[in-house]
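Take a look at these structures.
In the two assemblies presented below, chain A is common to both, partnered first by chain B and then by chain C.
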Partner chain A sequence: MNRISVRKTHKLYIGGDFPRSESGRTFRDGEAEHAIEASRASRKDLRNAVVAARKAQPGWAAAPPFLRSQILYRAAEMVESRAESIAASLATAPGTSEKSALAETHATADLLVHYAGWCDKYQSIFSSVNPVSGPFFNFSVPEPVGVVGLVAPAAPGLLGLATALAPALAGGNTAILLAAPGHAATALAFAEALATSDLPGGVANILTGLRDELLPHFASHMDIDSLIVHNTTRDQRVAIQTAAADSLKRLTFPEPGRDTPPPYDILNLQEIKTTWHPVAS
Partner chain B sequence: MSWLTLFSIALPYDRWKRLRSLQGAARLPSDFHLIPLQIRWIEFSAVMNQASSRFPDLSALPPVDAIGIDERVRRAQTRSLKGKVKLDALHLAVTMLDVTTLEGADTPGKVRRLCAKALHPMPGDLSIGPAAAVCVYPRLVKTAAEAVADSTVRVASVATGFPSGQTALKDRLSETRQAVRDGATEIDMVISRGLFLAGRHRAVFDEIVRTKEACGDAHIKVILETGELQTLDNVRKASEIAMAAGADFIKTSTGKVQPAATLNVTLVMLEAIRDFHERTGRMVGMKPAGGISNAKLALQYLVLVRETLGPAWLNPEWFRFGASSLTNDLLMQISKQREGRYPSIDYFSQD
Partner chain C sequence: MTTKRKSTKPHRRTANAPENSFVAGGFAPAPEDASILRLDTKPRRLLIGGKWVAGASTRETINPATGEPIATFAIAGPKQVDAAVAAARRAYEGEWSALPAAERGKLLFRLARLLQERSREFAVLESLDGGKPIRESRDIDIPLAAAHIFHHAGWADKLDYAAPGRRPRPLGVAAQIIPWNFPLLMAAWKLAPALATGNTVVLKPAETTPLTALLLGQLIEEAGFPPGVVNILTGAGQTGATLAAHPGVDKIAFTGSTAVGKAIQRALAGSQKRYTLELGGKAAHILFEDCAIDQAVEGIINGIFFNQGHVCCAGSRLFVQEGIADTVIRKLKRRIETLVVGDPLDKNTDIGAINSPEQLERIQELVAAGKAEGAECWQGPQTLPRRGCWFAPTLFTGCSQSHRIVREEIFGPVLAIQTFRTPAEAIEKANNTPFGLSGGVWTDKGAKIFKVTGALRAGVIWANTFNKFDPSSPFGGYKESGIGREGGLHGLHAYLDLHHQSPTMS
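The block that comes next holds the complex of A and B.
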């Protein structure tokens, strides 16, 4: 007897849950026979994701770095154990073979392990004790900026997501990640791995939808502290900078192929706090 | 034979006691015993008639249709307020706020901060607010009254052994009188849920009458604490008792018990208010309190009020929100409507 396969509804990942878009809308994502109906996140879904991320942020930032490390490692485990199914959805993207998709999935797991290692180390690299003239013990330490918006690169489909997300999470930020066009299914598969990796709800949120519709809201949202947008044109950058000016967001527009190497990508999402502590002279 | 013995013969003892407890409310003259017997008898009958007409016939109440309530609430929740209507409703909701702080850790400083927020919810923008009232514990009434003097913001005080109401009646009454003396113009009293659940509805009624008397000119809001009343039928009964006893407002909850205000109990109470108004012509106000923390929910309450009671109730004189964290969410939504971008809590004063 032929079995009727269980069809999947492609949803969003917000606050640890997998809701449909509150708007009920979907959009066709992907090419030809591999295209899926993905949830089309609205500005209200973005708002909900920011609320979830804001709520989760203090707890995640206060978690011991070693715990963050363990959780990222666990995420790597989950990607590894689901490698084949993640690779299968990745392979539906144009120009990706099954073999290269599996290799990219493994590279993603490796990348997560790499950043798991950074969780309790970048602080030492970027902290300093500063010489000052006066009876003060003066030192600087990095602190997470808070809630960050990440607009994923168009390629690579999976590794791009992880490259955007891992430095933010390792540094104690919470994130809202917008998947690139054509990669909604992959982003959702990645979200499912994250959801089973002890990551507290709201720390990572993944949206699928139309970039042009959501970008202005990412830019103008007063409660997003930093925004990294891949693959932008000059006009887009100007529009984002204009909309983001009121909130004093930190904006980054990475150029393709010129990624910031770790741990400087972690530093990019940190504020440096300097403390003047009086000492007896 | 004194008049007292005469009546003792004429009346069963419990009715006599009931009369005694109502004496204040029914305003028996203090020189009662000096009035000739015949006249006294006439007055006495009038009091009894008044008392029995005031205490509601609870057996005549229709049972609450819980599924129907659910359905109507669900329908009200799907109403979509947009654009100018939404902005107006948000502004209205701010003016309906009883800005509340009821913590053991409340200090005069915190109360003054709260009063400042009630007076000017959004500093620099006079089109928003002021809130209807500040709601505090009796000890802090003086501080609050000083802070909001010469403004339209009123001072509400919880009294009567808030939140449990499990202290002696005389203490509750003296607490009420003290709060009014200190400057409270509204008293939020709690009913004795213990008495109510034990079936002693009449005693609950009497206590409300006595407390209202102690309030003098101050408005009285009667907190039913619906989270402890178990059923919607009980909510309806308690509403009837409170309104008949003279409540100016009926209020859902103290905010200290879960569940606090819900749309369902609010609708039951609104319907009780509607029926009471049809029957007696007296308007009674409504105050849901506790658990209303976001603007969207607040607007749904306004929809319920508009559709159950009509526009006459849609003002701070007849409808209030008891809330502490709702203020900032309303302000944030107003800012969103005006500026078209999502706001951050960092730009609003924390209280």
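The block that comes next holds the complex of A and C.
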């Protein structure tokens, strides 16, 4: 008799754990025979993820940049070492060959290596000692905006997740990432790589679920500082921007063909803090 | 116009004040001569496309120190907003973009020089229209405004160095809505980077303080800026709302209240317009036991009474470590007793007039709430002038984090004092607010300075000083205090499109 394979339950990634949705709900994600029962994150799951992200944020921001750098590099190692299984999941998406899925997985590892290298460099680029007129030492430094909501692009399925997440994490933010439709299994495989990469629990949280259901809650949540939403319609942007005004969220709606390249995508999730101190005469 | 007396009226007023009722503090009067302004009764018009045109209606601007009208100005309606945006677009697509960057910079240098030449006139007008002491308008507002324009002038032909790897481009037409607390300075903060980066502007001054922006408009003409590069629309809130929502505008820069900032973010929903918001604050000013107390007391005075406390970054929440609280409060009261409250045009004056009856009411309401919620109120002994809008310097002790005077921006000369025991407690209380514009720390320990300045969630932190500003120093808030920075290298990014790669990058 052939061996019975051990199948995977597709869950969420919150606070370093892999819980099911607190709602007990699932949804059918993916095409035809590749479709899975994915956890359908609820508003409460999002809130839990924000709590986990907020709790992890000060520690992640205070971690030495060299350490953040090594942890992101470790994430790249984990993606590389799991490349075949991640690619197999990615290849189930329509229009994706096994070969292109593997290439995308390798590109994802390379992207994480690239951002690992930014962790201790963007500060020098975006900091300044300001030549004020007066006896003061005055300097400006970037600081992470805090907790970031990321709604992943519809494609590419894996590289899109990493492209959204890496600039946030490299810059000392913690994040809640909502996977794109059709890519729940890939997002979970990516989460498993992150979970084994020394990334502290809560720094990256990954949800699967229905975008239309969760978007309003991402927009209105008072403890999400910044929100980046890919593939929006004008109506969605109106709704998000309206709901996000109460918390004065920093919003970005990436436009196709107008990418913000590194390190400006890192800067996009930073605040600039300026400090003054007198110089004795 | 006189302000209504309320049960919460701040302080006693002299009956039948004589002509020199402003004089206080034992100084002989030293008023600036307002005749330099050559004020006439002609209604002020709008600057649109290089021409001065009438608005939809008119309104009077009032001297808040006397309640008397100064001048009549135009209220721009939707038609004038359309015309101004169209003029700005024509200038952007025409002459302004064709002008070499270095020449653009030279026009700004010229403007800065013109402003310096006529700084005395601007200072008098600013104090007359807005109520701020001449000492501040003369020594801070006007020189800083000129410095801001001069500083940014030099950026015009160096923008490639402001964003490594990028080829920055202007955004187009910028709508700039400015507040009444630093009318000319905020106009300069907004105009200078917008113009240096090659944008054109429609500027909307605040309704209670339109005059210095209009005078600046004359200098802009005199400097030789092409028509339509800067358009000035005076008006009220509705004018600003119409302008911000106008489809022909590419970028909005707003300074004002958090409530209006949120309304702007809602109004822009779905438009893809860029925006920067510089909003309210409730700065924590933290004194540790090892600080230089006398210097810190000066810092507190400057932090909360500068410009009558009409300052978004005012140090309005004071946190004093328990061991020195009694000493600090005693010294603070003694220092407040020496402050001269009165005629904004008098060079001795420390605290001028409250900007408008509406703002006075807001201050009175919050002070009444402070008393009703159980905080202990102490006010300076100054005799307030009988006419106009005034409020005595005010301290509250025994405040708790839940009091409205601790949570809400008062925007007046009112300080809420709390105590703390440990640095961790001070940081926790300081950050426990939706605002995050500024903060202050006083201690003689270097390591403690960096621990606390690093932990405060705010955009500008003053250590062993307070309320310092410079064109090269970025200013702006975290959290609900705003989005984006003004000033310095970082302020340029707010007016640039950085999506284009530099040709030298591979």
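Simple rule for what comes next: the second predicted complex is superposed on the first by the 279 of 281 C-alpha atoms of A that agree within 3 Å, B and C clash if a C-alpha of one lies under 4 Å from a C-alpha of the other, contacts with A are read in each partner's own complex, and residues count from 1 in each chain.
Just so it is clear, a contact is a pair of C-beta atoms (placed from the backbone, for glycine too) under 8 Å apart; a residue touches a chain by one contact, two chains touch by 3 or more.
Predicted, not measured: the structure shown is a model, and the values here were computed from it.
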>> A:234 in the overlay: touching chain B, chain C, both, or neither? Say first, second, both or neither.
In response: second
> Which of the two partners, first being chain B and second being chain C, lies in contact with A:133: first, second, both, or neither?
Replying inline: second
> Who does A:272 touch here: chain B (first), chain C (second), both, or neither?
Replying inline: second
>> Applying the document's definition of touch, where does A:217 land relative to chain B and chain C: first, second, both, or neither?
In response: first
> Who touches more of chain A, chain B or chain C?
Replying inline: C
> Taking the superposition as given, does A:247 touch the first partner, chain B, the second, chain C, both, or neither?
Replying inline: both
>> So in the superposed three-chain picture, is A:47 touching just chain B, just chain C, both, or none of them (first/second/both/neither)?
In response: first
> Both chain B and chain C contact which residues of chain A?
Replying inline: 246-247
>> Help me check something: in the complex, which residues belonging to chain A touch chain C?
In response: 125-126, 128, 130-134, 136, 138, 140, 145, 225, 234-235, 237-242, 244-248, 250, 253, 255, 258-261, 264, 271-278
>> Taking the touch rule as given, give the residues of chain C at its contact with chain A in the complex, in rising order.
In response: 147, 163-166, 258, 261-263, 265-266, 268-270, 272, 277, 279, 449, 453, 458-465, 468, 470, 472-476, 478-480, 482-483, 485, 488-490, 498-499, 501
>> Touching residues of chain B toward chain A in the complex: what are they?
In response: 340-347
> Where on chain A is chain B touching in the complex?
Replying inline: 43, 47, 50, 54, 217, 220-223, 243, 246-247
